[in-house]
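Two complexes follow with chain A in common, the first pairing it with chain B and the second with chain C.
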Partner chain A sequence: MDFLAYFGDVFTPINFGLLLIGTVGGLLLGATPGLSPTMAVALLIPFTFKLEPAQGLILLGAAYTSTVAGGAVSAILLKIPGAPANIATTLDGHTMAKKGQGARALQLSFLASAVGGVFGVFLLIFLTPVLAQWALAFGPSHLFWLAILGVTVIGTLDSSSVVKGLLSGCIGLWLATVGFDDIMGAQRFIFHDAVSGGINVIPALIGLFAIPQVIGMFANGRRSLDAEILTVEPHPISKAFGEVFSRLRALSIGTITGSIIGLIPGVGGQIAGLVAYDQSKKMSPERDKFGTGHSEGVIAAESANNAMVGPSLVPLLTLSIPGSPTAAVLLGGLLIHGIFPGSDLFDNHPDVAWTFINSMLIGQILMCIFGLYVAGLAARVAQVPNAVMAAVVLGLAVFGSYSVQHSMGDVYVMAALGTGMYFLERFGFSAAPLVLGLILGPIAEANFVQGSMIANATSSIGSYFFTGPLNLALIAIVVASIGYSVWLELRQRRHTAKDEAVAKKEAIS
Partner chain B sequence: MKNLIASAATALTALAGGAMADDNYPERPIMLMVSYGAGGATDFQARIVTMTAGNEDALGMPIAIINKPGAGGRVGWNWFAGQAESDGYTLGAYNIPHFIAQSIEGGVSYSADSFEPIANWGADPAVFVVAADSEFNSMNDVVDYAAANPGKLTFSGAGLFVGHHIAALQLEKAAGVKLAYIPNNQGGAGAMKAVIAGEVLGGVNNLSDAFRAREAGNVKILGVFDLERNDFLPDVPTLMEQGFDIDNSSVNFRGVMVPKGTPQPIIDKLAEVVPTMFANGRVASKMKAGGSPMHIMTRDEVIEMWMAREAALKELLAGL
Partner chain C sequence: MTDLPRMQHIVASGLVAAVGVSVTYVSFTQEPAAAFLFPRIISTVFVVLALWTFGKALLGRTRVGNGLDLEAMINIAPGLVVSLIFVFWAAQSLGFYTASTIAFFVLLSLYDPAPHGELKSWIKRILITAGFLVVMYGLFAKLLSVFTPREIFF
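Entry: the complex of A and B
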């Protein structure tokens, strides 16, 4: 209960002011396409030079939590996921916004984020020592199987058929091999300087999601301009509360999946949202509604990606190992003030550690209040005429891709992938499995190579990858996941394949 | 005659231009390219050592950090050699031995000749770490195990053709044993995790990170790959003291450089001012707080160090 003793520190005028600045600023930065949570936190580090350690961390902690949630704003309203964490949010959230229910989607996403986020921080407060051991339990072979588990999700994710889902996943896996490989430094598919560092995930995300809809808007041209005068339905906040808590299944699946995946170093928040979305889809009796603006989709995705924030800091705070890029930036923020995170952090600097954690807790709630307040206003974006919208989205896409590493090459990559995706979408392929392949490819590959190097030196590849309780458990889940997808596909093939294809066609044209 | 006038005119403008650049430089903020991601050790240190650049007694203009990560630094250095403007407003951070080893290995469009060093700020030696509960207590224990089990001693490092890999090659050569070096795709942090989690028997890692991990009670540090003991770890012997003929070739030197073709007056001005900027008291205290060893070297010293390193690495990597 130590954390209660330091709660007062959060509410001193300066600290609370920093918390407010961090939260509101974080939401705005998070809502800007291309500014991932990692970038946002890195940008704030210089501002902490002149602050006390605890104050600096309040600013960084608040910014971290709210940029993750802020990414949902551009995902829902513009269909540009701010970071990989928000990919799953676009699937139902943007469909809702197009129906004029943007306010509802935003309110649901902020509430679900807050619930997931608070749960994640509580895990960090109460279970840190236990979780630290769990984080270390995942070696190369386990991470490899985990990535394969992610690949099995590809088939069922937002596609008109399993085959097309798998095909787009394969395109993603192929794109992931472009560039110097992570371990050996071999050059693969480098036909232009712009891709020598591989395909950066953020420009790829922006291109794959935003560009097809921009081209679509231009292609539709003026003819739809007059027809589509959208009324944005106001949505009372009390109703959103009721809805989030009546969707307990999605909320708990999202929160728990996010917490568990967030804990594993190296995999982190990138896939938490997608896996949670897929799991709640598979377990929902209304799974057909997913992808058509269903509230469970938004709730599962957003509760998962904020639930991962707390646990993702466990390896950093207890073992001094940053488990995610953002955690690495936070480590820099701690070191600058001469604070070494480690198992004795809570004994040596309890004021700093607990104030930081408490500020993330309060930050979640502030983020939710502020988010709910602006949701109604922000949703009006959907009323902007298509011609203007297309220009704005295109501008933001170019700006976002460029800002990641100040490279025009990333803009070309974004444009090329986006144009390709426009044609793929017309044939019923979708962007989400492709991006998942792009993210999981390097994780699966690097861990397989490392695992087999260790295996060759010590035992054999077979016993390294196929023995041990954790390996076997993960393999069992992989088999179950594939089996369930196949079963669903067989059962539903006759009824849905045709309907869905028609619906997709209508949605595109 | 015409030619003479023309060349005289060119010379004059060049002189004038040079003089002007010298007087007014820098007129706008300067950018420092770091070829590793935000939050890594190089990025973190670059942000600290450049924080006083805006002071009147330093450059008088702030330095902004631009990250161009990818492929162990190759992306950033390729960009710096090929596309960066040589106008003095684009600086780059170098990591020795990384970029020299990569240029010897091939497949990149830079070498030590593509860059002009300005000054060195830090030297982070590689150390050998094992988990806190490991049975190894000295480098001799490690080498004895490797001799008894050839090729079975697994140990992690940050990647191929970086300081850690060089240290691993030196250890193999000096001890005459075969080891299993496992490069990690997540840099020093990932390699350290592999050691703490027991995925590998040991690891080569950065002194600064190992120092923190030892403070946290997670690892033992068995040896320093440097010529002398380090101030942060006065109790840890060097490899040389433990009977292995290993010099400081793997020490990770970090500093500032500019692309070839940058006007000489600007290089001279930077070479004069930047080392004093690194020597600033505030910089030193922040670096010490972060556990990052400083080692300030002037341009002339760095030129010499680069040449020595290139020769040593060519010999070491020749057999690969």
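Entry: the complex of A and C
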């Protein structure tokens, strides 16, 4: 119950003010189609430089939580998911809004998000210290394999192609070695002055997540958003409150599914909503009503995507392995404040860790309260033209990258990586494993070198890195994640081939 | 797969493979060897995966990624050129605020769906640009005290 000792820290005027700013700002950003939670958090990092570590994390954590929930506003009122996590919400949410039940759908969505989110944060509170104690047993070889595991899991599960996902991870790991070698001081891959000090993670994160979205908006040309905003008519909140808790099956399926998916590194919220929606539909006696504006669909999808937020931080705070791309950005936010998450985080910085986690708990409730009131405004924000959004995000990316070290080199790195990533994404590569490689590369290399030194003094490198139950378990998980993803990809390919053959046959006959 | 995406896949994966080969060559030829031990392991995996991807693209067996169609390329080109000029030249030469204001206005004019022949839409664009400048100046110069290159005006 350590978290209770730091509960009051959330309510200091500055901390609570930042929590409010992060929550309201996150709701508005989340409602904007094309602005993903990951990009929103990456763009906010430069604003945390002048803050205390706990304050910076409160702002980032609140933005993370509320961007995921805010995405429901545009999903319901415009049929455009604010983030991939809200795709399932459009299925019933928008149909409800079209029937004149927009306010009801929004209320159900925010209430279900809050229930799922609170449950997820409680999991974070109770699981993190246990896992952190367990992580104390980790030596250099285990930490090396963990870093590799982080890259491989996201590279395989978060990508549409296993080979391209792993290749993206390798590019990230290579980029992490650019600059001066820590031990020998040797220059490595310094092909331009801008990277002489290595590649700074924050400009790289901003570039990799923000610039592809800017160029993606350019790709749409002078197209206006042709979605119609549906009106939000009054609906008593007490009724929505009663309805959420009367749909206990959908609420618990969403909450539990989201929490489990959040705990698995790399899987993330994109699928949490869809899996929960699907499971809820299968287990419901009213399954025929799904897709026609059924409240269970909204409740299951939204409780799942917010229940995922807390557990996705468990591997980050205990093992330094981000569970999702947004968690990877949060790791960047921790590192710039000199805080290295892991087994000793709760011993060395309990105030920072617990204040951050507690703020996420309060943030869920604030998100619910404000969500209901700013939904109308958020829907208007969602209609901001692409041209304005692209230019604003580009400006923030340039200023934000420069402010990290007051260096034009960082701006060049941000622009080069971001532009390159846009084109790579068009060919099936993915930003998330590349970022993970960039963040986890130094951890992997430092532990590899340290492990090699221990191995040279005691046994051989082979036996140090490839024997022992923990090493073997981690290697097995790496192999299993690759194998499982290859199997999924092959199965998907077989289905596609079968569908194409059937379509061809039908066309001939 | 049509010819355009196939050729694009070959070029894209060819470039990645070229980077992979260069990285591997540098890793295995530079000294001290101890400093390049980790890059050697990474680059070996990198080059194998990159060549595999390139081989698949050459054989036309790439299944992931749609490439870029002509319309998207035409739409992207002006915005990308303006952005790159802003980042790689104007920001330092003209000063951050001047350059970002010009870039913002040009991008807004290029991509705003409002008609170009209407005075009202131009006034709207100028007002939005002015608002952007005020917010950026307030956030970065005043709130975060970031000292950016200042050349022409501020």
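What we mean here is this: the second predicted complex is superposed on the first by the 268 of 509 C-alpha atoms of A that agree within 3 Å, B and C clash if a C-alpha of one lies under 4 Å from a C-alpha of the other, contacts with A are read in each partner's own complex, and residues count from 1 in each chain.
As a convention for this text, a residue touches a chain if its C-beta (ideal position, glycine included) is under 8 Å from a C-beta of that chain, and two chains touch if they have at least 3 such contacts.
Small disclaimer: the values here were computed from a predicted structure and weren't measured.
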Touched partner set for A:163, first chain B, second chain C, both or neither: second
Which of chain B and chain C A:49 touches, first, second, both or neither: both
Chain B versus chain C as contact partner of A:406, first or second or both or neither: both
Partner chain(s) touched by A:467 [first = chain B, second = chain C, both, neither]: neither
First, second, both or neither for A:424, with chain B first and chain C second: second
Which superposed partner A:12 touches (first chain B, second chain C, both, neither): neither
Which superposed partner A:184 touches (first chain B, second chain C, both, neither): both
Shared chain A contacts, counted only where both chain B and chain C touch the same residue: 46, 49, 183-184, 406
Complex contact set, residues of chain B against chain A: 37-40, 43-44, 47-48, 51, 66-72, 74-75, 78-79, 82-83, 102, 105, 107, 151-154, 159-161, 180, 182-186, 189-190, 192-194, 196-197, 199-200, 212-213, 215-218, 286, 289-291
Complex interface listing, chain A residues touching chain C: 46-47, 49-50, 160-161, 163-164, 166-167, 170-171, 173-174, 177, 181, 183-184, 186, 188-189, 214-215, 217-224, 385-388, 390-392, 394-396, 398-399, 402-403, 406, 408, 411-412, 415, 419, 423-429, 441, 444-445, 448-449, 452, 493
Complex contact set, residues of chain A against chain B: 38-39, 42, 45-46, 49, 136-140, 179-180, 182-185, 187, 193, 196-198, 265-266, 315, 319-322, 325-332, 335-338, 340-344, 405-407, 442, 446, 450, 453-454, 456-458
Interfacial residue positions of chain C with respect to chain A in the complex: 8-9, 12-13, 16, 19, 23, 26, 30-32, 34-39, 41-43, 45-46, 49-50, 52-53, 56, 62-68, 71-72, 74-76, 78-80, 83-84, 86-88, 91-92, 96, 100, 103-104, 107-108, 110-113, 128, 132, 136, 139-140, 144-149
